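Below, chain A partners chain B and then partners chain C, in two separate complexes.
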Partner chain A sequence: MQYYYWLGGICRGNLGRSLVYKEDVSALIGKRLPVTVHLGLVSLFISVSLGITAGIVSAVTRGSFLDQLITLLANVGVAIPTFWLGIMGIYFFGLKLGWLPIWGYTSPFQNFWLSTRQLVMPAVCLAVVPLAMMTRQSRSSMLEVIRQDYIRTARSKGLKERAVIMRHALKNALILIITLIGLQVASLFSGSVLVETVFNIPGVGRLLVNAVFSKDFVVVQACVLVVAALVAVVNLATDIAYGWLDPRMRQG
Partner chain B sequence: MAHLLEVKNLRTYFHTEAGLVKAVDGVSFHLDEREIIGVVGESGCGKSVSQLSMLQLIPTPPGEIVSGEVLFEEANLLDYRQNSPQLRAIRGGKIGFIFQEPMTSLNPVLTVTRQITEVLELHLKMEKHAAQSRALELLKLVGIPDAARRMNDYPHQFSGGMRQRVMIAMALSCNPKVLIADEPTTAVDVTIQAQLLEVMKEMVERFRSSLVIVTHNLGLVARYVQRIYVMYAGRVVESGTVKEIFGDRRHPYTIGLLKSVPRLDQTKSERLVPIEGLPPNQMNMPPNCAFLPRCPYRIARCEREAWPILRPAGGKHFVACHVDVDVKERARETARS
Partner chain C sequence: MRPKSQAKPLSQETSCSFAAAPPQVSEWRRFRRVFLKRKVVICGVAIIALLVVTALFAPLLAPHHPDKQNLSQALQGPSGEHWLGTDHLGRDQLSRLIFGTRIALQVGVISVGVATAIGITLGLVAGYFGGWIDHLLMRVIDALMAIPFLVLALAFAAVLGGGLVNVMISLGLALVPAYCRLMRGQVLSVKQNDYFMAARVIGAGTCRIMLRHVLPNCLPPIIVLITLNMGIAILAEAALSFLGIGINPPTAAWGAMIHSGYRFLLTHPLLSFMPGLCILLVVLSFNMVGDGLRDALDPRLRGTL
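Right after this comes the complex of A and B.
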């Protein structure tokens, strides 16, 4: 019965009241969501842009020293615990070298420079594992595409290797890679729970952790709902990207 | 007179995990101006690899062109590096390729017109607009119905036969001297096969090109080609004019191949006889004749001696066999009747 009240509330934009904060959950999340989305988007941008580039370079120069180096780094990257990386980052760049602030979050609209400096470490830490995954998967997608018949056709037309890769291979590889971006967003959020805790960032991830520890189930429920909604939005975006990249999807 | 294209003693090997595959092992052939030739043999005998090797289009590794010469317009194409500008100018510009699988051989994310215009822009330095109207012309020429409306369609919107027509238009777009069609009709319906061959023949005549038709179906191409090369296990075992091959075939493999091929002029009582046995494993091949285990005419000499080289058999006819099959076959035929 409670569940129906809760559902009804959501439809009216009411997520309930926190047991601990004694505040509207919508308001709680509303303040923290932009923080997590900011962090997540920056990380996603880092992992996707660098990952696709590294993966494609690696595939195209298959077997070279560069390919071996990228593959090695990616294999290490996948296995690095985000938590440990965060602590190491704080220790070296924050405490030893004093280059970057070690905690906190400022809105970029308030103070862009401070905001960016504060976000560098958490965003990079959060990006490492998805970046490594993205690199590995882009490499294998590209290798898969390169051995297709239409690539041989492109070469048989006398095209430069650059045109073969950029015009003929890339778009096909992106179709394979896009699927993975959707999957990454879910894992990015689980990473942001850790990163927000380590760097003391007031985002949805930390709110969730605190809520779990204080048994504030109303907030936990709401956080999970928000994450699910985010994942749904991303899936919609990837579907749109699919239709744009792959003409076979356009008219079903 | 020098030939338009001449391949001499080509060897292409693949270094696979299971061992060395001698996919093409000493193949020679030539093609003259405005000539149509057929390269025939069972699947896996090295037809595609021999053609792709000419323009260094095989994957390296695992492939390696071990030796040979490919003489075309006073140059040896194997002297060029794999992606050198000289070789790229010939690919698509002077020698065009049509591949077997028209679905997988066209890029699924580019419109058919784009796949034609890019060759025109590259080799003929046409600008975009001119290239597009030329592409439309080509699509009309190869018989795409309603070409103007369909020029911005993607490959998946065409049937197999139509896609292959697009391939033909693409391969011929820069008016190449040579067109190589690697099993162009294998993936399409029987009814479409003859149409495609007609289109190809018509197009190479119009463009004054020469054509190499690679196929495993000797009967299908017989009426289009002037000369035939029969390949077995990476080598040419017999070659000659259509008349020589059909009327006076000498090699036991060619004899078997023709028995296993349906032909239009065949009466129903003549049964098709497939060649017995399996094609050889091209790894660790014995030095003697690769057809030996399947050969009904073998003699002691075949076991003892190395794979025979091609020797002249009159006219343009060459055959690589120790046995004078002609005599034996005649004896057999008489015995049967």
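Right after this comes the complex of A and C.
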């Protein structure tokens, strides 16, 4: 019955009241969500742009030293503990070299320069795991495409290798890669829980961790719900984009 | 998090180059040859073997007791007595790292075991019977799959509380959806085969078909997923312990060691550096072995990932 009331409340946009903050949970999350989204978008941009580039380079030069190096780095990147990477970043770039501030978050509308400086380390740390996954996946989908008949046709009609890769292979590989971006969003949320804790950033991830600590279950379930809803929306969006990019999918 | 993306290419495979009954010698030999062809895979196997040996013989290998405090020797640098120095309570860092292998391995094996047992059973039932059971189970799994792995594990840990056992259960539960999905897909593809129909025609019972014919033919991709998830579980346990929601302080767990070393980062970076390096190496090895297994078990994916 309690669950029924809770469900009814959600439909009306009411996530309940926090047991600890004595504030509406929707307001709590509303304040923190933009922070997490800002961080996540920057990381997504880093991981997607670098990941696709690295994956394609690695697939095109398959078997070379460069390919082996990229594959090795991608494998290490998948296995790296995000929070540990953050701590090491704080040690080297924050404490030893003093290049970057070690914690905090400022809205880019308040102070753009400070905000960017504060965001560099968290965003890079958060990007590492999705970047490595993106590299591996775009490498494998590129290899998949290169094996197709139409690539052989393109080559045999005398196109330059560059044109074959850029025009024929890349276009088709991108379709596969788009759907992978949807999967990265979930891993970004997982990572943001850790990165926000290490760098003391007031986002949804930190809110969730603090709520778990203080046994504030209303906030915990609201956070999980919001994150799941966002992931579902992004996946839906990539599915739609997929149908839009690939006419073959529209009939199915 | 990762299981989803890993499960995708796996669930597509329909062929079972590994026959149900005892694999023939040539199959086994081919498997071994492909599996051990790449050097990184051999390195991974070696590191995992080293991990197991270290965990088994931890009391013999560790120079000190991992929990013995000696405040007069707190926060010392590396020396002949303490190879990697001591932490803020004067505990020998190397000994704690060695005993940490036990926790890591335990968490990996048990949480993945929980996930496999529950996930395989649910997937088998859903795929075999179909109908409303399948629909119901799959909608629940779909909903769980929308929640990022670590967030889901956090939510379970919030309900169950901290401590080693609860962390293992939380991680296990959070991994279930991936297994359930993969298993269901496998069962559906096995059901297309002639031997499945043959077994039904000769009148084998439901249980017998499920356990003798369907289950063994679904295993190869599950084995790959198990190996890959060992790394993921160890990584996630370290993350939970780092957040302070996982394993409680006196126990020597790598994530918790990073957490307590974090406070002394400026003066003693080694305290948080070494446990992280251990996690990285172990997780990397499990991933490498998992990739090697996939190459060996599914010839079509060879060399592409």
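Basically, the second predicted complex is superposed on the first by the 250 of 252 C-alpha atoms of A that agree within 3 Å, B and C clash if a C-alpha of one lies under 4 Å from a C-alpha of the other, contacts with A are read in each partner's own complex, and residues count from 1 in each chain.
The rule is simple: a contact is a pair of C-beta atoms (placed from the backbone, for glycine too) under 8 Å apart; a residue touches a chain by one contact, two chains touch by 3 or more.
Keep in mind that this is a model prediction, so the values were computed, not measured.
Asks: Please work out whether A:Gln137 is in contact with chain B alone, chain C alone, both, or neither, and reply first, second, both or neither.
Replies: The answer is second: A:Gln137 touches chain C but not chain B.
Asks: Using the superposition on chain A described above, determine whether A:Leu97 touches chain B (first), chain C (second), both, or neither.
Replies: Once the two structures are laid over each other on A, A:Leu97 reaches no partner at all.
Asks: Classify the contacts of A:His168 with the two partner chains as first (chain B alone), second (chain C alone), both, or neither.
Replies: first
Asks: Classify the contacts of A:Ile80 with the two partner chains as first (chain B alone), second (chain C alone), both, or neither.
Replies: second
Asks: Per the contact definition in the header, classify A:Leu183: touching chain B only (first), chain C only (second), both, or neither.
Replies: second
Asks: So in the superposed three-chain picture, is A:Lys157 touching just chain B, just chain C, both, or none of them (first/second/both/neither)?
Replies: The answer is first: A:Lys157 touches chain B but not chain C.
Asks: Compare chain B and chain C by how many residues of chain A each one touches, and report the one with more.
Replies: Counting contacted residues of chain A, the larger count belongs to C.
Asks: Following superposition on chain A, which residues of chain A contact chain B and also contact chain C?
Replies: No residue of chain A touches both chain B and chain C.
Asks: What part of chain C is in contact with chain A in the complex they form?
Replies: Contact set of chain C toward chain A: 1-2, 4-5, 9, 40, 143, 146-152, 154-155, 157-159, 231, 235, 238-239, 242-245, 255, 258, 262, 265-266, 269, 272-273, 275-276, 279-280, 283-284, 287-288, 303-305.
Asks: Given the complex with chain B, which residues does chain A contribute to the contact?
Replies: 147-150, 152-161, 163, 167-168, 171-172, 175, 245-248
Asks: Hey, which residues of chain A end up touching chain C in the complex?
Replies: 75-76, 78-85, 87-88, 90-91, 95, 133, 136-137, 139-140, 143-144, 180, 183, 186-187, 189-191, 193-194, 197, 208-209, 211-213, 215, 217, 220-221, 223-224, 227-229, 231-232, 235
Asks: If we count contacts the way the header does, which residues on chain B are in touch with chain A in the complex?
Replies: Touching chain A from chain B are residues 52, 55, 57, 59, 83, 88-93, 96-97, 99, 101, 104-111, 118-119, 122-123, 154, 156, 170.
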